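In what follows, a single structure is set out as structure tokens and then discussed.
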Amino acid sequence: MSYGTATSACRAVFVRDFGLVWRRRGDALNPVLFAIMVVALFPFALGPEPKALQQISAGAVLVALLLAGLLSLDALFRSDLEDGSLEQLVLSPHPLALLLACKIAVHWLTTALPLLLVAPLLGEMLYLPRPVLGTLMAALALSTPLLSLIGAVCVALTVGMRRSGMLLALLVLPLYVPVLIFAAGACNAAQQGLPTLAPLLWLGAALALALVLAPLACAAALRISLN
Amino acid sequence: MSYGTATSACRAVFVRDFGLVWRRRGDALNPVLFAIMVVALFPFALGPEPKALQQISAGAVLVALLLAGLLSLDALFRSDLEDGSLEQLVLSPHPLALLLACKIAVHWLTTALPLLLVAPLLGEMLYLPRPVLGTLMAALALSTPLLSLIGAVCVALTVGMRRSGMLLALLVLPLYVPVLIFAAGACNAAQQGLPTLAPLLWLGAALALALVLAPLACAAALRISLN
Amino acid sequence: MNPLLLWFHKLGSPPYFYRLAGRLLPWLWALALAGLALGLYGGLFVAPRDYQQGDAFRIIFVHVPCAWMSLFVYFFMAANGFIALVWRIKLSETLAMAAAPIGAAFTFICLATGSIWGKPMWGTWWTWDARLTSELVLLFLYLGVIGLYHAIEDRRQAARAAAFLALIGIVNLPIVHFSVNWWNTLHQGSTVKLFGPSLIDARMLWPLLTMAVATKFLFAASLLSRARVDLLELESGKDWVRQIALAEEPRA
Amino acid sequence: MSEFLSMGGYGGYVWSAFAIFIVVLALDALAPLLKRRRVLRELRGRLRRTQKRNEENT
Amino acid sequence: MNSPIDSEAPALLQARGLAYLRNDEPIFGPLSFQLYGGDVVLMEGDNGSGKTTLLKVLSGLLEPSSGEILLNGEPLTLARLSHQVALLGHLLGIKAELSPLQNLRFAIGIGGLRAGITPHHALKSVGLEGYEDVPLRQLSAGQKKRVALARLLLVPAALWLLDEPYANLDREGIGLVNRLLELHALRGGAALITSHGAYAYTSGTPRRIALRNTDMAAA
Amino acid sequence: MNSPIDSEAPALLQARGLAYLRNDEPIFGPLSFQLYGGDVVLMEGDNGSGKTTLLKVLSGLLEPSSGEILLNGEPLTLARLSHQVALLGHLLGIKAELSPLQNLRFAIGIGGLRAGITPHHALKSVGLEGYEDVPLRQLSAGQKKRVALARLLLVPAALWLLDEPYANLDREGIGLVNRLLELHALRGGAALITSHGAYAYTSGTPRRIALRNTDMAAA
């Protein structure tokens, strides 16, 4: 009779959540398709001149990825709530924050990482200058986990609700703004040939903080909204 | 013993749906807030220079309104499905297409019309040139009902599904692109001082067509997805 | 029990708070209105015309007090939210949630008057400068708190979830306040200092300070009357509310 | 007087700012009064119904 | 209340070899039966045996995989059907935000009104007098069900398809359903009701149809 | 199986004046009772009388509005609690996309494993041998319930809170639940189960707690 170790609990969460994503691997492409489509809207809306597009390319890619991430957030806890797994998770003898951190990690790996991988393609679609691409990727690598962590806290707050989609966006977007500012700041600096380290360092610091605090906040929020 | 007239059935739908919106009038603001926030993302992503923002202003407003409309679409039939009202609607002796047209009309009046009303504000936030505003408003007035109608058909197709949010976006966006092209075309023409009538006329023609066909398609789609 | 604690405990009881607030309210409204009248009089008639901005600077007498209040009310809301989350005091939940719409109103006024003021001064209604932007984010945070509160069926759970959100959003307050120092912006820096000499004419300063105090009273009055009604709604099953409802039966 | 109203050419700006201030805060003060009326009305309705039902049951 | 074997008047509802497949798995097997005016038929079956599905097929919401449905001797088309059938499902089709009166007015608007009855009357006869203007969310599950029953009284329909009408109702509510069914039968209407068997239509011995539970795991 | 009035060993579960309010409306009134090792207690009550809510409060998912819960004589905190309580709710907490074995492995991972039993054994003893690797969506409702019952066998927990364990099960399944309960009681565990009363724990006469249906519409 043993309760198992926290490590084995985390492994169980990883194995199951990856298994679930694997079973519905078609769905995993949705955010990528969505981002591609949003990016594709810009040439239609702004006209096809490469110069004009190039100017907005980094920003547009950022906004598209952010919106795609936002829409996929909703699914983070939904299926677990609907089939009662979430309750079992809360009742586990292992720290809830740790288990949630694993869930968030899987979510990031399966939704944000693919987005990160297509980011160069998206940039190419909008004639993103090559030298900026590196900075954009660095900014994305730091900011997407940050967005997932912040988003997870807000999702946890709205988890029991019926029509949460729009409300979630309202809660999340103000918190995303600072992240976006720093990420875009780095890209703009790169575009003008200025040093990009400072905004990236800020993002890194925020990420380190969020890695520690967000799972705890997420667990607390979840307890509140299951209550 | 009478089945009532089609007019009275339509009136019943209007009265009820407006009543429902009125009961949750706080929610009605959500698309507007969402659109404002998406528009606010652009200056963060692209930098605050009025010149750069001005160039993309019409396009960004269009994209923001389109996304806000997209997110609010999901709610079109959801609550009716969840409480069984949709079945009662389908079983009504009056033409389903007519009743659905009324529902779509209420939806447009309560979600798209407020968006239309804040469009000047959104334009102002991105320094939209005054002369373009008129064209933008005309394009929006023609394209938002069109988007609602097209969207309604897609929602009807996905209505029974669990995680429809992202899927809906994927279904709807390709259909929205042509509308967006004409609307953005009109705005771009206005920005360059060219005549804007042609794209607006195209939008008008498409709207006239959609007004007739979309409710019928919507009814057919609904029957399929309830089956 | 410690008398102070005892008083807190008593204050936390809804009927007691309801009655106490009812007794305080007329005084608060009177002070607020008198302060507003005095401040507006001072601002519109006594304060001299600014040598740079002309009469447009008079907007300062509504813009700045409301800007301060937008921050103050948020802090008040978050502090009550914290108490509500940690000690589960119902009154704090009520106060936090009653403060949110008032804060949103002040924030809205700050934004609106700021952009009205910006047109003649900066030549534009709106720029994406750090202070303006962070103030806009503050408005969205208020709206998010209100939206979340109304989206949840159970009132107490709703209040706790919204209070949690308010606590997360508190990181925005220092950004609003210090943005003028951290980034160089179009918006001007602090001119009024609590400690040390202020940089503006005394005839401009006293109406401004009067308005600042008056808006505090206004907030207190509005907060208490909102909290009273919210308590009536929350406790509508209780006897004391029933008595109030029956006592105010409109004679037909 | 008209000079005062024109505010040195800035009248439109100044007065609309003050108007927004007053109108928004007036609405804010009005909201709880309206809500109070609604809450008490609904409560009285509920009380009447339970009373009636109790009378029927006994 | 057994169906008169009267070959002259066509049956109100006639099902011939009706079957429904989902993903090629049979949900209910070929089924044939008839309902005449005045019939109240109880359908029993375990969870998942296809009761709800059968009612939806009969109402025209689902299309049968094979077999046919005749209404008054004429094959069912969506347009004809809806004039004659009232469905009360697991989901009641009422809005929690609106009052009973608003809900009933909507039902009348889209479904029509029987002669000689008003929403107020209907609410009174299901025991909801005094609740006309309370938002439904403040009512209990049983009271909500009564609002849905009031709809049945108002809307003209010869055939009632009721999915577990007794669920959520207390003893008095069960009596109410039975009274409504009797009234409907006396008027010449027919009703098909489902039940888990815990409660049942008590007046007379209703005819029964049993659905076998097809094992979903088999395939 | 009645509780021994043995004042020396503290009760496995003790509720003192437990009440739960939602929006200040009482869901269940102040309730006091004790469960000792070996007890199986049946809780009865109408729809909406608060059975599910009580189980959630006892499991620590919901916080009681007043009163306290003692586990082995110590007040309940979320951390302590979870080691001792297994909850089987309306929602089974299993994934339809995964196989029974995958689901059970996950449950063990986050909940721990009793000595001397393996997932294969547990599946066999609930009669699901041969279904180890079939995705759950292909199983019937009753078979899904059995997977959830297998979880109870595997995860170490002295107190079982079972919400309508008999629902969805056929006669044989009901017997299975009763066998599991007996085994658990013999081992010194305790169980609190709810039911609409249609089926019940048949071995011996279990103690019963009845929840009154507080009328939600009243206040």
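Each chain carries a letter (A, B, C, D, E and F) given by its place in the written order, and its residues are counted from 1.
Here is the rule we go by: contacts are C-beta pairs under 8 Å (C-beta built on N, C-alpha and C of every residue); 3 or more make two chains touch, one makes a residue touch a chain.
Every value quoted in this text rests on a predicted model; they were computed, and no experiment measured them.
Participant: Fitting the CA atoms of chain E to chain F, what rotation angle results, rounded to the nearest 5 degrees?
Facilitator: Rounded to the nearest 5 degrees, it is 180.
Participant: If you average the Cα atoms per chain, which one ends up farthest from chain B?
Facilitator: F
Participant: Hey, which chain ends up farthest from chain A, C-alpha centres compared?
Facilitator: E
Participant: Averaging over Cα atoms per chain, report the distance between chain B and chain E in Å.
Facilitator: 37
Participant: Which whole number of Å gives the spacing of the CA centres of chain A and chain D?
Facilitator: Centre-to-centre distance between chain A and chain D: 42 Å.
Participant: Which whole number of Å gives the spacing of the CA centres of chain C and chain D?
Facilitator: Taking the mean C-alpha position of each chain, the two centres sit 17 Å apart.
Participant: What are the residues of chain D that contact at least two other chains?
Facilitator: 46 - these are the residues of chain D that touch more than one other chain.
Participant: List, in ascending order, every residue of chain C touching at least 2 other chains.
Facilitator: 133, 140, 143, 147, 236
Participant: Touching two or more other chains, which residues of chain B qualify?
Facilitator: 30, 33, 37, 40, 44, 79, 82
Participant: Within the complex, which stretch of chain B touches chain A?
Facilitator: These residues of chain B touch chain A: 27, 30-31, 33-34, 37-38, 40-42, 44-47, 52, 55-56, 58-60, 62-63, 66-67, 71-72, 74-75, 78-79, 82, 162-163, 165-167, 169-170, 173-174, 177, 180-181, 184, 188.
Participant: Residue numbers of chain C touching chain D in their complex, please.
Facilitator: Interface residues on the chain C side: 40, 49, 54-56, 58-59, 62-63, 66, 101-102, 105, 108-109, 112-113, 116-117, 119-120, 218, 221-222, 225-226, 228-229, 232-233, 236, 241-242, 244-246, 248-249.
Participant: Of all residues in chain E, which touch chain B in the complex?
Facilitator: Those residues of chain E that touch chain B are 59-63, 78-79, 81-83, 85-87, 89-98, 102, 105-115, 135, 156.
Participant: Taking the touch rule as given, give the residues of chain B at its contact with chain C in the complex, in rising order.
Facilitator: Its residues touching chain C are 26, 30, 33, 37, 40, 43-44, 48, 50, 53, 124-125, 127.
Participant: So in the complex, the part of chain E that touches chain D is made up of which residues?
Facilitator: 130-131, 133-134, 138
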